[in-house]
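In what follows, chain A forms one complex with chain B and a second complex with chain C.
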Partner chain A sequence: MAPSALRELQHEIETQANLLSKLQKDTTKNHQVRKQYTIQLGENELVLKELDLLNENANIYKLIGPVLVRQDLAEANANVRKRIEYISAELKRLDGTLQGLEEQQHEKREAILKLQQKIQALQAGKSNS
Partner chain B sequence: MALVKEGLDLAGMSVEQLKLVKEQADMEVGLLQDSLSKIRTAATRLEIASTALHDLSLRPQGKKMLVPLTASLYVPGTLDDADKVLVDVGTGYFIEKTMTEGKDYCGRKINLLKSNYDQLVEVASKKKSMADEAGVLLQAKLRQAASTS
Partner chain C sequence: MERGSKGTVTSLSSLFPVEEAMKAELRVKEAIAQRTKELDQLNLFISENSSLMNLVQRLPDEISHEIMVPFGKVAFFPGRLIHTNEFLVLLGDGYYAERSSKQTSEILHRRAKTLESKVEGLKAMLLDLEAEASFFNATAAEAAEGLFEIREDYIEQSTNIATQNQTGALESNADPSSRTSGNRSSEDEEYARMMLRLDELELEEARADENASGIEEEELPDLDDETSARCSGDEGEDIKNQPHKQDESIEGNVIKSLGMPSNVKMEEYFPRLEEKISMRTTTKGEVFKDNFSSHSSGDRAADNLGSHSSGDRAANRKAFTGLIVERDFSSNEGQTFSQLLMADSAICRLLVLILQNQFLDSRCRGETADFLVT
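Showing the complex of A and B:
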């Protein structure tokens, strides 16, 4: 029956549209997390540069909670480098996820377009008959 | 929908597309202006820090001073060795430096911010001229459409 096919198609479009908006929300969140990580990466690189300018016996303190704890240059360097590596790996992972999300969005949009075309054909067929 | 900015044929676009381009360019200009003002604020704070450092270096050791414990509570104290300063370099790390190194640090950071600021100003002005161009073309197209209809 033509009307129920129409309703089915409209229902399909709704489902796909919901999935699309969820994908868009995920993409936005991805961007936000990426921005945060990029900022942290920049900050850590600045710290690394400062540490490189120091000589061996300079005093370095790390703020852990309310306490300033003494650290030596080698340890601080290692810590900052490890954080930079971790953040870079996270950014790469996010990049991959983002690409996947964009592809899925593209697919969903195409699917919605096809469904809309089907609906139009169906409605045109109904008005002709 | 990623619009490639360079090589965009503005003259060949419809009114709708032109409006979209102008809106997006305006938004980007706004964001860039925001970043510019944030850099200016940060640079000002660094200048204040640098001045404070300089002032501190002029004070003799053992000078009586009032130390802020909270925003409304100060306690009397004496100035200890003013040649050593703790510098906050970010991500929770503090480095002990001498007075000269500290001033040097402030100077370095201020220069870094200044160069970032200049780069950003360039990008922002380019974006603004693009937005203005799109706006002018939009007006022309609208007038064209109004005169022909």
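Showing the complex of A and C:
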């Protein structure tokens, strides 16, 4: 009985460890996406600043695929602002997900610890008996 | 030399294990390498930006330039570069703007400024990291050598206080004995002398005082020897009108101390090592506290004192020893007192009277004494 309980506990630990590693991968991916978004946000803010310095009759083009499409100053301004808002919202969402992931990681780690303790107790008990 | 002294000897390697110190050092070195790479990249950007700006400014010199136009991957053909003043500048995120040469160089200039500010930030970070790395390096080396840290309790009578090998200043042991120096004995005597003198002065004041309600004399009997070092070195001490010390931190007291009217209570106090002061708080004290804080802004001396004493206090945070004498002065007495003070240089060093005439207090009856600040 004791060895089978031991094996069960070890199985459980493995599964929990797998879950934990998956969570960690998710966290790193989240970090990367967040970094990308942060860079884009910075870039867009720069663009907005430059657009503000342009006067009305300047020609603005947007690169869509291989085509440079002529755009209006007002239009370009609106687009850039919308994009900034979108990116900020995405960042906030990612922050929330990251928090959730971290909490889950924490729980998993605690669970693993408890399992390990149980295993140790079992093993100690076995060696004593 | 160490009769009856208790001490601890700790090996540095037990405090900062060698491997861990080395690991930490490696980590910091990696961070440094990464930042250096980023710094290099930014520098590259800056140089590219400046060469581009040069080109942009030179292009409109001609109406058209004769050039070799690249054709495919491996061929060129001769051609002409026209519209030399029209530039399509990438603003970012796929947006281009048609600009003239001058406007383009302005844009590039702004970009260069952003890059430079980033470089500055990176350099500052790099400095910090390098300081950290050198610290770890030193600690690792010392731990490897097997340096020991010897700490001994301070014994009052002993004249030769053992110095210790304190390395890496990481241990903030609150034991004040660890900071004793060799001058302790002479300072002890000096200190005792000063205390006697102050006692005499107090008696004189008490005799001269007639106003019973306004007079309060308090003296802090607890003068540890440890204060002597600090007191003699302490040049800025305020005579404060703050009887209530229990609820304020020492630093707050010192910094707030400022001018006071003559017939207000005065206190001389030394920063105490242990907060054993039993000061009677009076209602007057509350009033003065407010007045002090309102006038504290302009006083440089108070600032000096504050910094001075806070520096001292950093070393001896737990204790406070001081002498607090409260007086009710008329200007004559004030003069006398200050003269008495001047007479004794040792006391002068201890007590700094900071008074400002503009200190307004309703209870002050308009008299102020001019005290010298020493």
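What we mean here is this: the second predicted complex is superposed on the first by the 129 of 129 C-alpha atoms of A that agree within 3 Å, B and C clash if a C-alpha of one lies under 4 Å from a C-alpha of the other, contacts with A are read in each partner's own complex, and residues count from 1 in each chain.
Everything below uses one rule, namely that contacts are C-beta pairs under 8 Å (C-beta built on N, C-alpha and C of every residue); 3 or more make two chains touch, one makes a residue touch a chain.
Because the structure is a prediction, the values reported are computed rather than measured.
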item	value
First, second, both or neither for A:L23, with chain B first and chain C second	neither
Which of chain B and chain C A:A58 touches, first, second, both or neither	both
Touched partner set for A:I87, first chain B, second chain C, both or neither	neither
Touching partner for A:I13 - first (chain B), second (chain C), both, neither	neither
Touched partner set for A:V47, first chain B, second chain C, both or neither	both
Partner chain(s) touched by A:I112 [first = chain B, second = chain C, both, neither]	neither
Doubly contacted residues of chain A, that is, touched by chain B and again by chain C	40, 43-44, 46-47, 50-51, 54, 58-64, 68, 76, 80, 83
Parts of chain A lying in touch with chain B, wherever the complex brings them together	40, 43-44, 46-47, 50-51, 54, 58-64, 68, 76, 80, 83
Contacting residues of chain A [partner chain C, same complex]	40, 43-44, 46-47, 50-51, 54, 58-64, 68, 71, 76, 80, 83
Chain A-facing residues of chain C, complex	88, 91-99, 107, 110, 114
Chain A-touching residues of chain B, taken from the complex the two chains share	86, 89-97, 105
